[in-house]
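See the structures that follow.
The following pair of complexes shares a single chain, chain A, combined with chain B in the former and chain C in the latter.
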Partner chain A sequence: MASVAAGERPTRPPAIVRPRREGTATWPLADRICHALCWAVGVGLCVITIAIVVFMLVKGITYLRPKLFIEHPAPAGPGAQAKSGGFLDPIVGTFIVTAIGIAIAAPAGIGLATWLNEYGRPRWLARTVESAIEMIAGVPSIVLAIFGLVIFSRPFLAFLSQPGATVALSQSFIIAGIMMSLLALPLVFTATRESLTQLPPRLREASYALGKTRATTIRRVLLPSPQMRTGMATGVVLGMGRIIGDTAILTILLGSTLKNEAVGHVPVWGTLRGTGSTLTSYIYNNSPAGEGGAPQKAYAAAFLLLMSVLVLNAAVTRLTGGQGGATRLTRIGRRALLTGVGGNG
Partner chain B sequence: MAVGVLHRPGRGATAGIDQQRAVKADRRAELTLGALGVGVLALIGLMLVTVLINAWPSFSANGLSWFGSGGEVVTQFRAMQSGTPLPGHSVLYFRAWPLIWGTLITTVPAALIALVVSTLAAIFLIEFAPASVRRVLEPVVRLLAGIPSVVYGLFGILVLVPYVNEHLISNARKASVEHVVQLNGADLFTATLVLTLMILPIMIAISAGALSAVPPAWREGSAALGVNRWRTMWRVSVRTARPAIAAGLVLATARALGEAIMLSMLSGGRPFAANPLDGLTFFFEPVQPLAATIVKEFGGQSGGPVASTIYAIAAVLLFSAALLSLAAWAVKQPLKRYGIGA
Partner chain C sequence: MDDLDTEPMLPPPIRRIEVDREPHVAPARPAPNGNGVAVAAPRPRNVRPPALGARERMSIDGVWLAYGENWVVRDVSLPVRQGEVLALIGASGSGKTTLLRSLNRLTEITAGAGRAGSITLDGQDIHEIEVNALRRRVTMVFQQPNPFPMSIFENVAYALREKPGGRRRGRRSQLEPAVREALRRAGLHDEVGEDLDRSALALSGGQQQRLCIARALAAEPEVLLLDEPCSALDPISTAVIEDLVIGLRESVAVVIVTHNLQQAFRVADHVAFMHLGELVEYGTSEEVFDHPIQRRTRDYISGAFG
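Here is the complex of A and B:
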């Protein structure tokens, strides 16, 4: 900051002297009970969550074998766990769906956020769009799936999946990915918006003072600034977490074949048009709830899924600045949680 | 002032060719991005309209009794699948009450339990937790939000369901309702338990956000009057943050309402209207909420009576979710008065 003359003590805000916390011994009994309850809930929550995660990880790693990564899934008969193959296809599937979803959601979310924050005209339109995005965030993913089913079953959209008897099948990676982008969109949008509002005004003012237009300012000054990069990256990572964790859209829009089955003979496009599975639908189908009945495979796949969630979580923590008090949770975290990381569906 | 060329911001008579081009580009960018916004609006509109249009046959065939009770949901679905209507009814005959009831008795208790737990947890996080505990609790809450629902479902179905089945439901209890329904541990109790855990993080995050946004002076004022930390928190902070906590409750309810995968795995998967008059057995009876029904009954086809009924269920969910979003917004408004943007 400002240079300080030699010998002069740097002007710092006075150190905060925290008074010693009062004990609870003097509190009324009811207050002490509530205080104890707070502790119980806080610690209990930690214990339960860590117990669940550790249990799933340990179970998962017990059943994880290297060959699971390179084998294609096969239908499991009762008691035929050993024969039910690996999860190469689901891993590929998860990558495909996430890539498509993010490829749509990231530009759309960032574009919408900048439009709303930098242009925002006419006011009523901006406000309506904002509520619309909030509403998308609130729509259950199973409803999004049903919506996708209706839209993409139009015969003229059959090139995205495969033609059925009368209408298009409307089950394919590309369709699932498109609908998944709607899950990630609100997250990218809120994270970008949040960091745009927190940019110091001098950035814009300096650029405008040089006679630059808003479009140039956005492209050359605002978006390349480190804060914005962090914000956008956070949004994208949160969106990825959301897409990776969703199952409802997949059960409706990706079909229940465990193998990725291409349609037609065009190499990449055929796979995108075809049905298949991702880690979440693999877990669902191999759990006792699906038809597979191969819980060990489900545990192993859940291990992978949980690990990716943990990695994404760590990435968000890093991006948003590592440690941080409650404010961290309230800033980006709260908004993100509001629209949901993983979770729902 | 010895300024050579005065660049005026934006358009102006002195603007050069480059400047004019830039202004045009700016206008183009604004229109493109604005069109994206209009696209989002169109998408929402399209969603409402298509879901409603496709749901209409089911609603119009059943009228308002769609929401009523009558008959077994499973038999109705089978009748639709085979195309042979139940005697005396149209092929679209459907009574959704068991499913609506299933949604209510899982969602409402989960939301209420989560309200108490999340408020306490948020108070703990903001006020009482030492820095070391907070450093653990915060990532834990985020992790809890990040666990995919299929993993919750897997944990439930492989761990909780067998446990409940073996240890909490006695054989006598199973025998007592044998002729009506089979109790196997996938039930109201298990489903509500996991659902509560799943909606906790949103509520904690919203409550903690609002609590930490309460102006410090208000809390300090209370503390200066000798009020202890709990009372200050409860009487000043929680009271101020009440609208945000209520909004969190509403949003969490919306989340619980839309939860499909976990509930389809854990709630027993039988559209059975669990009866509170059964005493304790009530908690161990299977239920099937609306969202889980979509997962269960979806057969892959996008037309026909089954599909129409599924669209109708989706329409009900969509409108409930929209109403709840609206309610959350309305409930938050009083906070603006305090200048707390939560």
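Here is the complex of A and C:
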């Protein structure tokens, strides 16, 4: 920006000369072709994204009715969509699975990342844990689901689902939630670790120099710092997005009942032990690929799902100080931590 | 660098007795009466009463410090006295900051740090004191102001809280007098006393550094270590902190590392000049600055003064 020196000097600012952008005209042909291709792929991606959103918006809003949010789903054959009810249960189901998954993944991921970064002894254990988490991050969710099936069908784990003929059913909200936590864990872990490594060392030094233990430093200084809060929240939100979007684990470990069916008579625990559906499994089961009972409602549910994931993405952008803009505290905190100069300094 | 008047030292056989390379250590003179201290000095210096009854709190005795295979402090012996300010001066890489950090065992958080020789606090080897207890008795202020991203109150209260065996979570009303007292000692209370709940990060650099000093004082240490506390500050903030340091020496032993020779001259009672890990010269401010004995000291001081 050109700044005029002072108000009492009415001289006109000079015409500003800005550097001209480099053109591609002088590039070799191969570079120009590649440049054009990159450009085309970028534009193509935007088109696809917009197409998805617009398509889901049109389809979704066409079929979305307020009553869908309050009605229980009901099985309906082809051509009987009107009787197939709403998706109250899948919405509740999504909340339950996400809550269980993140309730396990958040403390575990934050704890592991902190231990690894601040203690990390013995070395071999730290390295092993790190590789293990990287591996979990790479395991396809269907593999996790099959693994969960093997584990939770043990008869002595029947209290988590319901007893079957010879083995436990191994399908319930709680089991799905537990396996879902493995999906979210690497995301929480990575975000927390990343923030920890970016904390300025002098924050730790300052605390150690006051005679504080590592544990106190972590609990009272590191984790409560704005940077860490942002990092951990980002991990948690990313993890939630991952859980909400997964289908494979639900297909195998939650069953294909549309309604949330409680087991036994204990109110909450019964529901957790029972089978049911979430938005993703509802979409799958109602789409032509599943039983095809109610494709229109699948579209409506898909729209809802898309919206919730978009909201979570926006939350991440906001948290990490993207276009959404960070909060004042985060901005001040980050700048001060990075430069060591105060907010007004 | 400067051509040295002694040959570079060989890598150490630790604890070897170095008979012929004793650093010139002037015995601590009994402080002259009146303001004789200031009269001899050609440069402006804060006129102040001499440190009376300086008593030795820490003793650095034949200390070697290493990072990995690299010896950065070689056979340094110094007394740290309460009632006076000790300044460590020397070029970058002379080992003065490492020596300072070893006094509260902060060197230990760096991987590969090694040591030899003994450092005692009130006659007790500091490596036999529980490390966190030691760091509450020997606190440190760093080059860059490093307040915690919390309120002013919390920054100081943090040093008071969670003392082992003490109150884990003192209530605010219980902590407030001590917090305010620490801020007063650091000369910050008049500026921030009205609103202790402001974020510490909203303070100016000089205020932040005084907050860090308040935090370090809140733990009621016996020794205060200052690692170039003014190098990130403007001259006005620097002057405030220098006055503060001089005022503190009665209640705590102060060791200050500084690149600023004027500052060392202004605040210190005793000065130790280090070069490439060796203690070259130790004496009172006047001795070291006005009548240095070693050529390296002369070169450094005159070079730096221009």
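Basically, the second predicted complex is superposed on the first by the 302 of 345 C-alpha atoms of A that agree within 3 Å, B and C clash if a C-alpha of one lies under 4 Å from a C-alpha of the other, contacts with A are read in each partner's own complex, and residues count from 1 in each chain.
Just so we're on the same page, a contact is a pair of C-beta atoms (placed from the backbone, for glycine too) under 8 Å apart; a residue touches a chain by one contact, two chains touch by 3 or more.
Just so we're clear, the structure is a prediction, and the values are computed from it rather than from any experiment.
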Next item on the list: May I ask you to decide whether A:287 touches chain B, chain C, both, or neither, giving the answer as first, second, both or neither?
Entry: first
Checklist line | Winner by number of chain A residues touched, once chain B and chain C are compared | finding: B
Notebook entry, point to check: Looking at the overlay, what does A:221 touch: chain B (first), chain C (second), both, or neither?
Noted result: second
Check: If you stack the two complexes on chain A, which partner ends up touching A:142: first (chain B), second (chain C), both, or neither?
Finding: first
Notebook entry, point to check: Between chain B (first) and chain C (second), which does A:209 come into contact with in this model arrangement: first, second, both, or neither?
Noted result: both
Margin query: Just to be sure I read the superposition right, which of the two partners does A:129 touch: chain B = first, chain C = second, or both, or neither?
Written below: first
Note to self: Show me the chain A residues, by the header's touch rule, that chain B contacts in one structure and chain C contacts in the other.
What the structure shows: 208-213, 216, 329, 333, 337, 340-345
Checklist line | Interfacial residue positions of chain B with respect to chain A in the complex | finding: 7-10, 19, 22-23, 25-26, 28-30, 32-34, 36-38, 40-41, 43-44, 46-47, 50-51, 54, 117, 120-121, 123-129, 133-151, 153-155, 157-159, 197-198, 200-202, 205-206, 208-209, 212-213, 228-231, 234, 251, 254-255, 257-261, 264-265, 269, 291, 294-295, 298, 300, 302-303, 310-311, 314, 317-318, 321-322, 324-325, 329
Item checked: Contact set on chain C toward chain A in their complex -> 104, 106, 109, 132-137, 139-140, 142, 144-150, 158-159, 161-162, 199-205, 207-208, 212, 215-216, 219, 232
Margin query: Going by the contact rule set out above, which residues of chain A touch chain C in the complex?
Written below: 200, 202-213, 216, 220-221, 224-227, 329, 332-333, 336-337, 340-345
Next item on the list: Enumerate the contact residues on chain A facing chain B in the complex.
Entry: 22, 24, 26-27, 31, 34-35, 37-39, 41-43, 45-46, 48-50, 52-53, 55-56, 108, 111-112, 114-116, 119, 121, 125-126, 128-129, 131-136, 138-143, 146-147, 149-151, 153, 166-167, 170-171, 182, 208-216, 218, 241, 244-248, 251-252, 255, 280, 283-284, 287-289, 295, 298-299, 302, 305-306, 309-310, 312-313, 316-317, 323-330, 333-334, 337-338, 340-345
